[in-house]
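Below, each structure is written out as structure tokens.
Shared between the two complexes below is subunit A, which pairs with subunit B and subunit C, respectively.
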Partner chain A sequence: MPRLWPPAVLFAMIGLAGLALPLVQFKANRIVPGEGVGLAALPHGPWVMLGLGAALVLACPDRWPAVARLASAVAGLIAATLMLGMAASHLPPAGNSLARVAPASGFWLLVLAFGLMVADAVNRLRPSLALRWVMLAGAVALAAGILASGLLDGVSVMREYATRRDLFGREAQAHLALAFGSLGLALLAGIPLGIAIFQVRRWRGPVLGVLNILQTIPSLALFGMMIPVLGWVAATVPGATQAGVSGIGTFPALVALFLYSLLPVVSNTLAGLSGVPAPTREAAVGLGMTRAQVMAQVLLPLALPVLLAAVRIVLVQNIGLAVIAGLIGGGGFGTFVFQGLGQTAMDLVLLGALPTIALALVAGIALDLLVQGTRRGAA
Partner chain B sequence: MIEIRHLTRVYDGVPVVNDVSLTIGTGELAVLVGTSGSGKTTLLRMINRLVQPTSGQVLVEGVDTATLPAHLLRRRIGYAIQGHGLFPHRTVAQNIATVPRLLGWPRARIDARVDELLALFQLDPATFRNRMPHQLSGGQAQRVGVARALAAKPDLLLMDEPFGALDPLIRAKAQADLRAIQQKLGTTLILVTHDMQEAVDLGDRIAVMDGGRLLQYDHPARILTQPAAPFVRDLIGATDRPLRLLSLKTVGDLAQPGDAEGPAIPPEATLHDALAECLWTGRTALPVQGGGIVTLDALRAEARPR
Partner chain C sequence: MIRRILPALAGLALLAFLISPGSFAPLFQPFTRNNAPAIYTQTSLLSLTLSHLAIVALAVAASTVAGLVLAILVTRGAGREFLPLARTVTAVGQTFPPVAVLALAVPVLGFGTGPTLVALFLYGLLPVFENALAGLSNQPAPVAEAARAMGLTPRQRLWQIDLPLALPLLLAGMRLTAVISLGTATIGSTVAARTLGEVIIAGLLSSNTAFVLQGGLVVGILAVLIHHAFQAAEVRARRRMGLD
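Moving on to the complex of A and B:
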């Protein structure tokens, strides 16, 4: 009996469960519940099942090489996706445009299992930073390639997409603008605020206290409070409406995300600056740098990795939170999520949720790599 | 010339430097010694105004430093901080170039100066120029710290326990190098140390501090032979006194005509070394390289106060 790699055993259990469960849901139309169809019932299904099962089981022994792990995991992801596309084009009877094929629990578990396997294999391989960037770019390109190839066009989510192509592009832009815009504003305001409370110690308690309270307000409550407050501002302050201030829509969503972002930016700026060793700071002053030079040439560069960690937290958090903007007409992928919930059309919900998850994942990994890059430079 | 006049610094009502006055001549090396907490660092930092004096003045070449903008003053005063304080995100060359860059020197002059200093501190420029501080040994980092302090040819160099973290062998070498470089460049230097032997070896004058007060400021030989207070005598260490006195002079100073057996001793060795050699080899006289001898009797006479 060879020594086992426990995570791989867990992935295998998840993946095997996925193989046993229905791969897709076959529905008469987009809102009725459907019946599950397993992988075995599809053409070539049994062979694919055998292959995927073998890939999962073979990875269990500890000595299975990491490269093979990575290759089989990527192959598994591709196979599961292609089978999904194939089911979608194969199952509905010819000429029936109402029938829908949606991914079901089996598909999601397979994606989870092989996705974890990819992450685990990359970890074991310990690739260089440059190679990690290449891998990330490769993964994004592969996903984009599969989507563009039309192989998945029959899948329910893609059918929802097909009828909303233009809208999807606009909401994607709105979502990115909300997430990055609020991050940009938070950096613009938060870094100077962090520097200020670093230099004036007695402001630290009050400033961090207020930001902490803001952070604990639930997002729905914050929106709820903003609608009357900003509505009142828009109605009474001259010129506010022209400047884009209003109780509902993009503006309050941006303000809310900005407020949530402030605490991580300010507190990480403070932590990064405070983390610079005292002798380094004293040397900078002692050599004749002005206050501004000490800040720009020594303190901020050395605080950069901690600051980037804040950027990572905020960006991933805001990509997720921006969904809520859909509730108050702020646009973004949340629009699809809440429309879908209203129509009990899960396919439409997925059209909002999947890109959000993908975006958060890619942004998180990219910023991790960026942080590692600056750490290496400063270490 | 540096004149310190009635300098006082009070923290929370307690004077940690108390009415200290002393003068350091151009090109001299003054050493501040004293127990921990006696106010050495505070005194040193009042000279480059990292600490603001409560009262008193510091004059550099006759100019009251309080009349100059602090950051411009500091660019003229080299400061080598305890534990080197190199910038971890900058290369060795960038670290050394800090003050010249602040002063706006042209690029070519900075590069030449960096290489000149690296060579002076026996760090091969090609090897070390682009290293990051974490890639240096403690001794190398310490030398880069001093090179950085010297980069803009300051009139005055302040060093706070520069050799504290070094092992005894490297420490002795670093001390000798510092003395040689200081004499070569003619820099006025004020150095803080806990180590009395270091003070005796390096200092033209030694300032002994206790509880914020300057107890004595004099040449090493006078500090050793005529301590002004019981505290100074205790700091020297009664048992080490004769040996420290011997370490102030070289064999060349004491050579007399004559013949002696055994291997010869170089004239630049200290009398302390000569005594050790006599005791270890059981000889009463040693031949000196280049002629003459040094006798145990003469050594004995030198080890007593006169």
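Moving on to the complex of A and C:
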């Protein structure tokens, strides 16, 4: 009996459960509950099932190199996805445009099993920073390629996408504008504020206290309160409307996200600046640098990794929170999520939720790599 | 001193508001338009608050037990081989937006309190697990050696040394989880869970700022109070362990 790699046994259990459960839901239309269809009922299904099962079970012994594990996990992910697309084009009778084929528990468990296998293999591979970037780019390119190939066009989520292609593009732009715009504003305001409380110690308590309290206001309420507050500002402060202040649309959501982003930016600026060793500062002063030069050429560059860590926190948080903008008419992927919840059309919910998750995931991983890069550069 | 008085005052004000919301109507009247009601009366605010707190407490308790058990499993014996993977999953899991998790739980569990509980549980698992892991794995080497020298069995060591030492960090994880859950639970009302989000959403739908404000204030004060209580417990736990 060969030695087993325990995580692989867990993945195999999850994956085999996925193979046993229905791969897709076949529904007469987009609202009604459907019936599950297993992998075995599809053309070539039994063979694919055998292959996936073998890949899961054979991965259990501990003797495989990480590269082989990675390759088999990626192949498993691709196979599960292609079978989903195949089921969607094969199951509905010809000419029936109402029937929907949605991914079901079996598909999600397979994705989970092979996704965990990818994460485990990458962990064991210990790739260099450059290689990690290549892997991330490869994963994004692969996903984009499969989506663009049209192989998944029959799947319910893609059908929802097809009927609102233009709207999706606009909401995606709005979502990105909300997440990145609020991040930019928070950096513009938060870094100077962080520098200010670094230099004036007695402002620290009050500033961080207020920002902490802002953070405890539930997002739903903060978004909601921005509407009347900004509407009042736009109506009473001269010139505010011309400057773009408005109580409706995207603006209130942008301000709410900005307020949530301030605490991480300000507190990390402070932590990064405070973390610079005193001898380094003194050496810079001894070289005859002015206060401003010390800040710009010594302190801020050394605080960069901690600042980037704040950018990661804020960006991931805002990509998620921007969904709530959909509730107050601020646009973004949340529009689809809440519309879908309202119509109990889960395919529409997925159309909003999946891109949000993908965006947060890619942004999180990319910024982690960036932080690691600057850490190494600073050390 | 003021750090103790302010939360106490906020708590008293909250209690008074929940017991007799009607007497606070004049405070909220300026935020309404066209003679709209100033206080949400569809459901009693007290029962919504209790239901909100119950959902959060249940979710936090469940994620604490599960997170702690998982952290214990991956820091000893054969479980150690899961440790790198568990760290990766925790890091990746925390990038999942809570709203998306909530929305994705609906097709599996249907509308109501169920999906909210599951989303809060899953999302709360991560901070607790991360902190419990940090508490259990970063213990000073002399402590481990002393425990072995005293002849403690692994089980005794877990209960008498490792867990008490990890308690302050575990409490910090629970605090994070509780505060996040409290805010996220309001979004649960979009999938028909009985939480204070109901008041906020009613306000959004009827453009009644007073409703939005009172829902937000109640949740905000609760969050500040809970944050405060956990922090006090953390300080006490650290003192008892002689960490301060």
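Simple rule for what comes next: the second predicted complex is superposed on the first by the 378 of 379 C-alpha atoms of A that agree within 3 Å, B and C clash if a C-alpha of one lies under 4 Å from a C-alpha of the other, contacts with A are read in each partner's own complex, and residues count from 1 in each chain.
Keep this in mind: a contact is a pair of C-beta atoms (placed from the backbone, for glycine too) under 8 Å apart; a residue touches a chain by one contact, two chains touch by 3 or more.
For clarity, every value in this text was computed on a predicted model and none was experimentally measured.
In the superposition on chain A, A:Ala283 makes contact with subunit B only, while subunit C stays out of contact range. Contacts of A:Val237 after superposition on the shared chain: neither subunit B nor subunit C is touched.
In the superposition on chain A, contact is made by A:Ile324 with subunit C only, not with subunit B.
When both complexes are overlaid on chain A, the residue A:Leu188 reaches neither subunit B nor subunit C.
When the two complexes are superposed, the chain touching more residues of subunit A, out of subunit B and subunit C, is C.
After overlaying the two complexes on the shared chain, residue contacts for A:Ala296 are found with neither subunit B nor subunit C. Residue contacts after overlaying the shared chain place A:Ala130 against neither subunit B nor subunit C.
By the document's definition of touching, of the two partners only subunit C reaches A:Pro6; subunit B does not. Shared contact residues of subunit A with subunit B and subunit C: none. Note for the complex: subunit A touches subunit B at residues 277, 279-280, 282-290, 293, 298, 301-302, 377-379. Here subunit B touches subunit A in the complex through residues 48, 50, 71-76, 79, 81-89, 98-99, 102, 132, 134, 145, 148-149, going by the rule given at the top. By the touch rule above, subunit A contacts subunit C in their complex via residues 5-7, 10, 105, 116, 119-120, 122-124, 213, 216-222, 224-225, 227-228, 316, 319-321, 323-324, 327-328, 334, 337-338, 340-341, 344, 346, 349-350, 352-353, 356-357, 360-361, 363-365, 368. Interface residues of subunit C facing subunit A in the complex, by the touch rule stated above, are 31, 78-79, 81-82, 84-85, 88-89, 91-92, 94-100, 103-104, 106-108, 111, 179, 182-183, 186-187, 190-191, 197, 200-201, 203-204, 207, 209, 212-213, 215-217, 219-220, 223-224, 227.
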